[in-house]
């Protein structure tokens, strides 16, 4: 019985080997592995990277570009094992898409000098520690935040704007501070109320935070991280405008989502891939900005127009002739 | 000032709802001697099933029904493992939690794929009562599932304290040998309570996905089920006390949200701690007399032992 | 005689059979997703044991499970349910990290010992709070330990985004919530070239220590007695409250030590993603599973932690190889726990059957003896 099982396993393994040889024949393909801390459909951080991968694959073609991913890798020790594993499997570029993966990368990268690694979101390539095969990438999300803030201030009738964030660190902090700056630059006496949910996933708390913001008078809301879906639901229900970031959240509430800052990681990834193909394994840092198209503001006309019409009807807007 | 209190309390009532359903369900199960730590997993399965049903059919009642059935099925499985297979209840509960979390996320990924919202139960004003100043706004302009949660308290109190069934349940939890010798079917009672608890956890999940939040996402409950279990101990296995525990926790939570929104200069992390600290402190202040858990809690029943 | 032996041996196969049954259901789920279960499970095995690095990963994953499991052994044997593993891991880790940040210039073994001591102390105090509340205020420990988990996480977030955030992060403007990398002096030695670190040896050492403590010391005996029969303990004059707090204290101490070792052995800094799980990997809960699978015996917890670590590590590899949604891994984990713990019943039933057979044999032997006389 055991011998029979053993034989089956051997046969299976040989077939896999032969099969993969067939695939390996197409050695020109650029292979990328991505490790992400949340799910690829979180309408936020991880989804933006997944969308970028798909976009690059569409552009370069499946023969030229292949990628695999490990999502929901919020346990850093597991992510480290994944990074190491992908590197030893010979992937050309291993992307550690999460700020918490940094210390793992520092340990792993030197062991795989022929693999390129990328770390987001940060600008630290660890070159000061003599490491040459780590790229870094970051988004200047405060820029898009500023733009949204300006628009939010213009659209707000009450002058009270609410912000819902996860914890006051990293990308979230950048976005929120940019947003607040944009609001206050446009309307110095506007009130920007900020509340932090304390996690990236507490949807119920985000929902109640949105309710509370609206109760104290906010008529425009924004927020970042995947738990904001709860807040968007409330915004939709109570007819309050929403500004999104990290991904296009219009589909969740087309009536109220006015604009979204969308991350286009391909702006960082494409030059990175180019460099790797040419033989440079790391050392550069890339930033997504409005200037280089890495950050795009996607405006949802429907919500914008609808809101303005509503305000005219309700007499909130005085058109001076 | 008035508006602030109304806003905070209304928030608190909404936040209480899922905890109340799950906690009362767990209370009944524990009173019959079964500990179920898998509440969060069942809540997630209920939330997903309700959401999926409403997404595909638009029928809210059907969504709620599906959540109840799915919760009941999980309750049945949990009862089977804990009562018939006499497994160690704490650990099997954790297993069901991990399973429910994984399965609901997997089904969400494969059957829905993207995050989206549905139109769930909307607030329902109770005629007359909703016109009472302040109180009317807070209590009587809520979602129907909110009303259900609060109605559950007197209903469960009545069943547990004024009916033969309730007596049997409590007897099974306190003195199973005696109950058994009096002809009470221990297994049947425990199956009943755990299945019912599962159904309530399913409704708790549905209250999130098709009533209060109108969305489903992986790990939507974010650990709520464990808080619900903790509240059972706060309430000392009495529905009314469980209610006050859930209300206390949620009200402090609503207050801390308001504190942050108002921009009061306390670091957010400390305000976020408040509901948890207050719950412990209040319980410590209250527990002057020793509260006995059901004697047979977490002990499988074997005739002749 | 032979019959009984076969029965005894078959008893130990029951949990294995249950494990395989769970894998079977997992295979069905994998197949529904259009992936070959054979390839998937092969990857699972490879990921757990397939190479030196894989084995190292398995052991590194098992180490915090063992520490938590040991803590649970003490707590559950004292009759108290310590569900606060996550919080105690975090507090232990933070305590060790902070002391290293405060004294960066100490070197070598002194610093490592100090760091471990503070991890021990931090976890002990955190659990001790729950113990104190239970012993003197009748606050149920399931409630207090769960609540304390959250309080620990929020405290950690505060510290890591403020007072102890890496100055480099502030300078770079990235504001990643982590501390500076601790000095190399406090790194636990590793068995290069793998990631296997000294912490595992320390864990096994403590497993033996806990065994000696629980079964060979008076204090340990008293702690176990409280867990068995609290009334009798009181009646025989044991200060139940004092020993209850002590049990919590020691339980949290071991868990906190595990947290400290995760920092100085694996990550070399403290970090957060808003929750405890990014750092702990849910070891606070999985450790409970390990302890219970190990029959609440410190030595039994060692293989249990190893197997659990293998399962978790292998499952992650499986996810990578066949690109199955990570949620399926979770569902599979849950199934395995349910099936194995559910199979205990059959095991116990077998035990009783064997005992009954032995009793019958013994009685019939005596009967024969009597008749002979």
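Residue numbering begins at 1 within each chain, and the chains themselves are lettered A, B and C in the order written.
Please note the rule applied: a contact is a pair of C-beta atoms (placed from the backbone, for glycine too) under 8 Å apart; a residue touches a chain by one contact, two chains touch by 3 or more.
The structure displayed is predicted, hence computed values, not measured ones.
If each chain is drawn as a node and touching chains are joined, the picture has every node linked to every other. More contacting C-beta pairs link the chains of B-C than the other of the two pairs A-B and B-C. Between subunit A and subunit B the centroid-to-centroid distance comes to 34 Å (mean Cα coordinates, whole Å).
One finds 28 Å separating the Cα centroids of subunit B and subunit C.
Chain contacts: subunit A has residues 39, 72, 167-168, 198-199, 201 touching two or more partner chains.
Multi-chain contact residues of subunit B, defined as those touching 2 or more other chains: 105, 109, 218, 269, 272. For subunit C, the set of residues touching two or more other chains reads 154, 157, 325, 327. Across the complex, subunit B is touched by residues 29, 33, 81, 83, 133, 137-140, 142-144, 146-148, 150-151, 154-155, 157-158, 162, 285, 288-289, 292, 325, 327-338, 341-346, 348 of subunit C. If you check the complex, the residues on subunit C that touch subunit A are 38-39, 42, 47, 53, 57, 60-61, 153-154, 157, 160-161, 165, 168, 172-178, 181, 193, 262, 266-269, 271-275, 277-282, 312-313, 316-317, 319-320, 323, 325-327.
Those residues of subunit A lying in contact with subunit C across their complex are 9, 12-13, 16, 37, 39, 68-78, 81-82, 84-86, 88, 98-100, 102-104, 106, 111, 121-124, 138, 166-170, 173-174, 198-201.
For subunit B in complex with subunit C, the residues that touch the partner chain are 41, 81, 84-88, 90-92, 94-103, 105-106, 108-110, 218, 226-227, 229-231, 233-234, 267, 269-270, 272-273, 276-277, 279-280, 283-284, 287, 289-291, 293. Remark: subunit B residues 3-4, 7-8, 10-11, 14-15, 18, 105, 109, 113-117, 208, 212-215, 217-222, 224, 253-254, 257-258, 260-263, 268-269, 272 touch subunit A in the complex.
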